[in-house]
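Two complexes, one shared chain (chain A), two partners (chain B, chain C).
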Partner chain A sequence: MRTRLQTWSLLVGATAFLALPLASWAQLTEADFAPRLSIESHIGNVTGHAKDGKADYRRYCVGCHGTLGDGNGENAVWMQTPMYQQPRNFQLGIFKCRSTPTGTLPTDQDLFDSITRGFDRSNMPIWNTFTKQQRADLVAWVKHFSPRWVGEKPGEAIQIPPEPEVTADRIKAGRDVFARVQCWKCHGVVGQANGPSAATLTDDLGRQIAPFDFTDGSRPKCGDTDKDIYRIFMTGLDGTPMPSFADNIKPDEAWDLVFYLRTLMSQKSKEKDMAKQLGLKPVDPNAPAGQQ
Partner chain B sequence: MSTSTRSRSRRFSSSTSFLTAALVLVFLVLSASPSANALPAFARKYGLRCSACHESWPMLNYFGQKFKDNGYQLMNDRDAPIWQNPGYWPVTFRITPIWHRVSTGKVQVDTLTGSTIQRVTASGFDLSGLDFHTGGTLEKNFSFYVLPSSNNAGTFHFETVMGRLDNLFGSPWLNIKFGKFELDNLLSEKRILTLTGNGGVYQLYHFRPVGDANIFGQMGDNQLGAELMGHSNNDRTRYSMALLSSEDGQVGLPYGNAYTGFFTVSQAFDAGKMGVDRIGAYAMVGQAPTGWLTNGGAILGSGAGMANKGFHREGFVGQFYFGQHVDLQVVTQHGWDSAWFGQGYGDLVDGVAGNNNNTGAPLPAGAQAPTWNGVLFEPHYVYSPQLIFIGRYETIRMSRQGSGSGCGTGCLGGGPAASNLGNISTYTIGYRYNPFMTSRAGFAWHNEYNWLHQDGTAPVLGTSGLNINTSELLAGFDFDF
Partner chain C sequence: MKNRYSYAVVLSAVVLVCGLALISGRKVSAAGEGKITGTVKLDGVAPHMKGIDMSKDPYCVKAHATDPGHLETVVVGANGGLANVVLYLEGYNGPAVTSTTVPVFDQKNCMYTPHVLAMDVGETFKVTSSDQTTHNIHPLPNPMTGNIPWNQSQPPGANPVEKSWKAVEKIPVQCNIHPWMHGWFIVVKGPYATTDGNGNYTINNVPPGNYTVTAWQETYDVQSQKVTVAAGQSAKADFTYKAK
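Now for the complex of A and B:
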């Protein structure tokens, strides 16, 4: 004959057992991503397979990006601005470094380049020791975390016209663009990331974020070639306050701005030398439009 | 059912229950362990798990090798200490409590009537020495590594003390290291995955012909000197050139005025799904003293070394990966020592001088430069970053003995040496299991067996030297924090 204690124990046990599936609904598990394991990536003639990226992800990436790709790895809690940035949440399918218009998914090559290049001033290392195949597999694995890759296609990469010859006029014109689209509000008049809005910036998840400091010698996050810099402000850094200026800056003006931004950077450059010869002054936020 | 049967049945039932409970407990412990696990000081600094840099701690993978080649920098513009929490102190300790069993054959022991040769076996619990690793950056592109290391009785010495200037003129091809450091061996003995006395070193890195007193050509020992090394951005191409004092890493200039060069070059290839495969070559070319200045018979101090003679070792290195789980490391060696070393001139480091070449006496007739060839194969099966199986086979064969066929009683050994004297064959198998893998600490359950065979070096009772077999079994906890 069952005692009352036994009966209650059975009831509690059965309730707990039945409640388990409900509790598991509350958060995603690896099983939720399984249907997307067939996702591929295509980098040139190399095809990456999500399932083949799992082992490398667990070896190299999981400590920051987490088992579920949500950016909640064991180290995420120690990565705080302004020293570091939080690891990317792949489940959202939002990426800063793209060749595609704002709001669209990046191309496979964009993700591949991000893994290869790493991110300065963050804990994301340069993973160029991997084989091309390894990186392609990792791209596919990263994609499998977000349902966006099932229903959406990546955006079309923006067209970048050939880089013109840098001239003094172009550098001065770039300064005008810098003033007109108010880059200085965040980046500061000399690019020291100390504009009036700098302290108030937050990303899409409400976390504090700092604008890029052109003067501290570090590389721009999404690449340091002239084309990379062009791409950054014409596509924007999705998920951050850095918008796309594709609607505000014409392609020719964009090159002018690239040349001017080079003058703000601490690294040696032809543009920097020319700006010195010109005696180019920083933008004056109070100057009337077009009268820098 | 008889009482005894019931009793056996109860015992059986009881032991079955215990076994079941133990298995369940083991399963729970293993399954509860978080997914996969260096120098935790670096892992703590950068928030990377041990597995990011180590194929299995402490052996480096390609990413870890690049991190090391960059002067312990990720090159993410956050390497300088100014970016760390001021409380960060880059120190890691490592120690290994073990149980081991060592069985050595053909040991000469005393008896009532004289002596005999027998196998001697010892087993018991023990400790490794204690290592205090501290390293990292002093500033961007200024790095250091200091490693005070003790034996298992707690007597310390400096295993590594070096400063490094990285990326000179902004180029990864120019990096300078100065102090006492590990030679740029692609298959690093300091990061070896095995721990037994014979299996915890690469025999190839320390080999000396029997009676040869050249202790200076040991590639496995950390050496005093300066090194210029460089690498491509992705570390696929590497080179290094080191100038070393021929002192086998001993401090205090006891010999003086003899130098050794160590050179490496290697190239890695993207082998698609296979992984990154690397081939390379090395050469160690040097001179070391074979004699010592004396005063009243006593050896003088610094600068006593004289009559420098040459030696060299050279070989190829291969690191071959076959997908995500299997790799094979290969090292070959050809060695050559001056005939003087082969006749026992040279070693003074351990306080026991060999023959002293300070009188101008000639070499005995028939003495010749000893040479040998060796090869090392080390396959790994990496089930996951938490579990690795290790195998190794090494063989070294003498190709020319120091005491050649023309030797008389004046030669070392009193005559020609047997052609196989000193040949070594050894294999090691083992595994390391890391029950957890984080960016804070490393812990491995380590189990290993080594067997070593050497020709002709057992004690001589009567006629000729006997072959000797030694086996070792080791199990322990290898951990660092």
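Now for the complex of A and C:
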């Protein structure tokens, strides 16, 4: 006959033993990333080495992204608003700004560009003060936090045809695309981030998130060249509600949409002037399909 | 003339015989496999399924003009049968499922049909849209499992999205544009089944052996029991969840 004490200690012991792997899953340590310290990055002819990125990361990045790259640095608690996103959790290997299809890893160049560009409307500054080598090393260091870079290759960058000449017809065609794929559901008919679904948007971790407001002078987070804007809606911003439209917008139409989006932005542009001349009206959300 | 007829007769006979041979051949190869059938029930009063406010999108409101949309976290049919319960074999390591039908997840009237879609690891499934409004199909797996989240738009008339998953996982699916749209991709290893509207299910193509059958329901979670499947026979496993 077992005593009550024996039964209890057995139970507690068994529970502790079973919970052990769970605990180690939740609490990664630096040692877990050590096997991936040999990861490299390739930016043009520069090769970055993860281990060489450590010192810069510890000095400049750790405050927000944390020692373990989980986005839980000591400053992170101050960055929890829909507009100002929390720092990226590198352990998940999910990135907004990619040239690659949704659900695939970004290229080294994509990560390099993100570091160089910084993120408008966030606490991530522009890091173009680093040398190319430093940034390449940081890219490799960022990669070493996620096991995805061991088993997976980055996706193949989407093909972007050369930018055509802006014409009134193209702007009008872009407006039709905006209506057809219903960008306004989140971004609003004039791009004011006030579409019917805007208020309930959450990111992949369930945190409230705001759609991009085209009208307040902000720059898109993943770059503000025409090519960047093209890339944003064709690849989607993984980890956010912004989906990829690659299957539903043809490359030529995508340029039309870029031109139309320019007309919504507050920044001066020839597209904006042309739209004014055309007397272009915002899309009508209640118009039947194909009758804008 | 008569000659031609006899030709036709002989030809149809040959086709018939070949067809029969093919079908019976299939039966022979499947004879070794058994199946598991049963019913999943809810004991007690089913929780109230709240109505959904779809006023964000007039299209969705219109689609539900006569049949208002409700949450589908617990769907109970005749005699307390529980729908949308996925049944699978715990720790299965036999041959992969060779299904002839592709699992389809349709966006219809701003709801997911079915609400729960089960599939094998690596099995291709399709996401379609029957709606005249834009959806975005956004599964949220845990990337640590090896399943990587993606997010694709499906405007009216969009082509189906074809995908598969790498690892066993219960993956929530959502549409950000219509925040009430929540569904599930249940990725399992090996044969599986989902209960119909009355809680009935059949897991086909189960190689003979001893198994633990697990039932998963999105609100009431998992239950398991042991069954033995004999060659070519049908084993039974019924489950009952207590209503909460």
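Everything that follows uses one rule, which is that the second predicted complex is superposed on the first by the 265 of 292 C-alpha atoms of A that agree within 3 Å, B and C clash if a C-alpha of one lies under 4 Å from a C-alpha of the other, contacts with A are read in each partner's own complex, and residues count from 1 in each chain.
As a working rule, a contact is a pair of C-beta atoms (placed from the backbone, for glycine too) under 8 Å apart; a residue touches a chain by one contact, two chains touch by 3 or more.
These figures come from a predicted structure and were not determined experimentally.
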{"item": "Chain C versus chain B on the shared chain A, clash or fit after superposition", "value": "fit"}
{"item": "Contacts of A:40 with chain B and chain C, given as first, second, both or neither", "value": "neither"}
{"item": "Partner chain in contact with A:128 - chain B first, chain C second, else both or neither", "value": "first"}
{"item": "Which of chain B and chain C A:181 touches, first, second, both or neither", "value": "second"}
{"item": "Which superposed partner A:92 touches (first chain B, second chain C, both, neither)", "value": "second"}
{"item": "Partner chain in contact with A:236 - chain B first, chain C second, else both or neither", "value": "second"}
{"item": "Partner chain(s) touched by A:244 [first = chain B, second = chain C, both, neither]", "value": "second"}
{"item": "Chain B versus chain C as contact partner of A:224, first or second or both or neither", "value": "neither"}
{"item": "First (chain B), second (chain C), both or neither touched by A:102", "value": "second"}
{"item": "Nearest Cα pair across chain B and chain C, whole Å", "value": "26"}
{"item": "Intersection of chain A interface sets (partners chain B, chain C)", "value": "none"}
{"item": "Residue ranges of chain A touching chain C (in the complex, touch as defined)", "value": "91-94, 102-104, 146, 148, 151, 180-182, 185-186, 196-197, 200-202, 204, 236, 238-248, 286, 289"}
{"item": "Parts of chain A lying in touch with chain B, wherever the complex brings them together", "value": "46, 55-56, 58-60, 62-64, 67, 74-75, 78-79, 83-84, 118-134, 217-219"}
{"item": "In the complex with chain A, residue positions of chain C that touch it", "value": "56-58, 132-134, 136-138, 140, 143-144, 146, 148-156, 158-159, 161, 176-179"}
{"item": "Chain A-facing residues of chain B, complex", "value": "35-36, 46-49, 51-52, 62-63, 65-66, 74-78, 83, 233-235, 270-273, 275-276, 324, 384-385, 438-439"}
